[in-house]
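Worksheet: one structure, shown below.
The chains carry the letters A, B, C and D, assigned in the order they are written, with residues numbered from 1 in each.
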């Protein structure tokens, strides 16, 4: 169960392109499992920013009763505000939230893929995996060298660590997916964990699929509440019953089995999703057009066929 | 001419019930004259608070090219935000604004009346008055001892200094106006300067009127822009031509000749004000009712007789 | 002594008058991780449709200054699942439940009301009139007094006599009193206002509407002045009709503002997204506000701002 | 190379498309202490009435979350004083001037337009339709398509042919496109939107309306999503009618949002109260935004968000 607390800023420091923020938050630290995230209310008591900001937990430590560390990029107004904080400031913090990374029962060869700040949650996961006797290979990426987070730690702790950057300033030039197959073959990967932008995850899932390797993907979808009340963070995901549902990534994720996420339909309502306009509980098509003609509801829905109010 | 600058916080400290904030603001410090004020935008880059906050300048000093000190009470969200600042923070600051206290040409016996943070602007004024050979007597007040600002300085620099507090915790019990007549008689006061809430100023004006002593009153009326563009800070003031106008206290004040302010009509539109519904340029009454029946437009105006939109 | 915060909703006694607004409290379970749902005045359900409904594609939310734009599009499990799963759960936890209903035709609304009448534990029905009217090119019912009234008449006619029916109004109209009037005439036992304002945001990076649904409903503190005005106008016209006031309530002080304007109950919406324990915090803060002004019963401040004699202008005092 | 920011208003070339909104720039002199008024696209005057007018009693302003409520009530010196003092001053400083006019009857509006037609240096007339209609119980003209159209027809009929007439619309209507349509049909050369939203605040200390005028107009970033939506809807209906977009513009990015939605010019209002140099800052920031997206001419982005093919969803990229 998540808790809501006022966490106190212990330290805030620059790490290349990112900021690392350590919060004193015992109630969160003690419950946390790798892959879970926290949300923070930003902007102070009279804030104009109503959405909570979600961050993967990078590290938890026992000092001060329990601290939680996040690593973030100051990209928009909320994260810029966070970057302006100082020690002893306090933050309305909720966590731990979401489904953690599942850990394989038996020792396995695990490949951990992180892009940008997506690498942050992988190190805690790796520690847990190693505790259980698994091996960890890292594949980290980013736009440029200063946006590859944690390469040093990966080198130190991983069985192997590969890096790819878009501009080639560190490691191979290109996307992390360019290096994937080679690593999979060399490391005889059993399981992949990935935390990256949606297009990268989609590609990771496709490649892994060809090798029949299960992928646990942590998705980065815009969130507002993080607790499941706003229905803002939805993705189309197929259940083990074969039915596609529009699920909330904050409570049903952020970690999903990548083969169940309908990556090509992210940002759409697939026509065969439970409760979609064309969907029918009895398996009949509601309208006259054949299913493939109805396609998906994409982007701009004609007004009048939808409700803007909630 | 006022300027808009980013002032840097040099120091912020508690002074009894108040906070004293010193800003590095050379362009304002060099132009400032006692009685003028500055405005500050509060809440940071994504602020939800659009009104600028007005503060009398308490002190200017030459260090760092010129600093400006204000003294404020953290009473609402904007001033609470100001109270949370730290050295080196920067503030969008505009000043110096408004009409300063006029200084008598000839040496005079001046009584300076301040209530609460209203005392703040009096000390710079006193220095200027003494430079011109005038004497200064102080009469300071507040709800309680810790809300009387600057009594020590007043004792040190003034010819005399009297104090009154509502709860009697410092000086006489009651309002400053209770001590006024005695001081006026003893000090043979020629001119009064007063900075206090409107009801106190009204009373000061009434008493001084009986002794025929001119009062320069600095009014504390809610402001939003401080530069004259919003028309929010209006008061009914009679001109030397005998015509009452609805004037902006930020540009036509904050210092007014107290005998010209229509204290009883503050918060109303007197029927005989220039441009009031009953007013006519030719001195005839527009309607059928006698003037005294039309009264003033007070408080809630029937909708439809006014425009809410600007 | 803390003030008496109780309220009455038809036959149901509410422990307090701070409710959770429709669509902002999930199915109740999400909220229960942070607060005791039995201590919320009542939980207003997400608007329930007859069938399961996916809602709109993502992105569905955009942040705006002191506001939130949403085009969730009434995603929900449908009435069956609600009655089988969500309602019993809420009742088992001791919550009082107002069921918000959403239909695209008058018949659908009537059918939903009938279903709810066979069910125990429904404290009231809130009719979400902002739903698109399938028979009128998708225009929300709430925009037209006559259409709004027809929906309310149908729901009132189908709902069990002892379940109060509240009409939830949209502020996107020239004359909200006219819509309120039509709903009251059609038998509404109470009014709920305001729903979101029609708004839009453009993403400067994609240069396209930020929401997949293009338009969104604007909520949050940004709209509070509109909510206060609407509550005030409707209260002035119908001083005896209970009003659930919502729109930008963030603090106890905001709740007090709506009560003074004439709301008899308060619903907290967007602030739950921002602070999952908002309902209990707002209640506590409201108690403090009432204590500060020396009021024993929250009910005593309802509509007080309409008093004839101005209490004087604060800044003159 | 900085983008070409020019715009055209009837026969007048504007150096740029960032204007100061009516009622938020004083008589121009106040602004000139902080920025060069010759570099503002145009100064839209405070709405001018025929006679001097005191406006409403104080308090006239209340701060709300990301917004401001005002009931200034059109305080002003009247047309004579404006023509003798304020207009010549602005022209002497090299500013382009749009004169906003306010009347309480159709005849008054027509009379004001006639007066302005005898005057040199009026780049356009903006008709403030939110004025209370004395012949209709004080209902603002802007709330009724037919009444709004009548005012515009009268003004267009009285104004010199070469002075463009812009109708300033209120968002407080069920169907803003219907009002826009009536104004265009009546001869409006352009539309200005949006004016403030009707709102209200209660002072929790006095327990009375915070504004002496009770109701106030809500402005500022809080209302931007409503402004974007209104501009979008009107642009979709009348792609060839120039729109002055206003409502919560605080930054160059906000200005870009309104341009993309379909405004051809931008008016900055409340932000001038918050930042006296807002007009020049917004212009500079807009130039930077345009440079970032590689646009040579501001005019090229106008209405671009209406493009048919979605450019993809930002967060998928």
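Quick note on the criterion: contacts are C-beta pairs under 8 Å (C-beta built on N, C-alpha and C of every residue); 3 or more make two chains touch, one makes a residue touch a chain.
The structure presented is a predicted model; accordingly, all values stated were derived computationally and were not measured.
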### Query
Quick one: which chain's Cα centre is the longest way from subunit D's?
A
### Task
With contacts defined as at the top, give the pair, B-C or A-C, that has more of them.
A-C
### Message
Can you work out the whole-Å distance between the CA centroids of subunit B and subunit C?
### Response
44
### Query
Distance-wise, how many Å sit between the C-alpha centres of subunit B and subunit D, to the nearest whole number?
33
## Note on the structure
CA centroids of subunit A and subunit B: separation to the nearest Å works out as 55
### Summary
The positions of subunit A in contact with two or more other chains are 46, 48-49, 221-222, 266-267, 298-300
### Residues of subunit D whose C-beta touches two or more other chains
58-59, 65-67, 198, 208-209, 212, 215-216, 220-221, 310, 313, 315
### Query
With chains as vertices joined when they touch, what's the shape: line, ring, star, complete or other?
complete
### Task
Under the touch definition given earlier, write down the residues of subunit D that touch subunit A in their complex.
65-66, 221, 310, 313, 315-317
### Task
Would you mind writing out the residues of subunit A in touch with subunit B in their complex?
43-49, 77, 80-81, 86
### Message
Which residues of subunit D touch subunit B once you look at their complex with the stated criterion?
### Response
22-26, 30-31, 33-34, 46-47, 51-61, 63, 65-68, 70-78, 102, 128, 130-132, 137-140, 170, 195-196, 198, 208-209, 212-217, 220-221, 270-277
### List of subunit A residues in touch with subunit C within their complex
1-4, 41, 48-52, 92, 94, 221-222, 224-225, 227-235, 246, 251, 266-269, 273-277, 279, 281, 297-310
### Query
Can you list the subunit D residues touching subunit C in their complex?
58-59, 64-67, 69, 143-144, 172-174, 197-209, 212, 215-216, 218, 220-226, 228-229, 232, 248, 250, 253, 256-257, 260-261, 289, 293, 301, 304-305, 307, 310-315
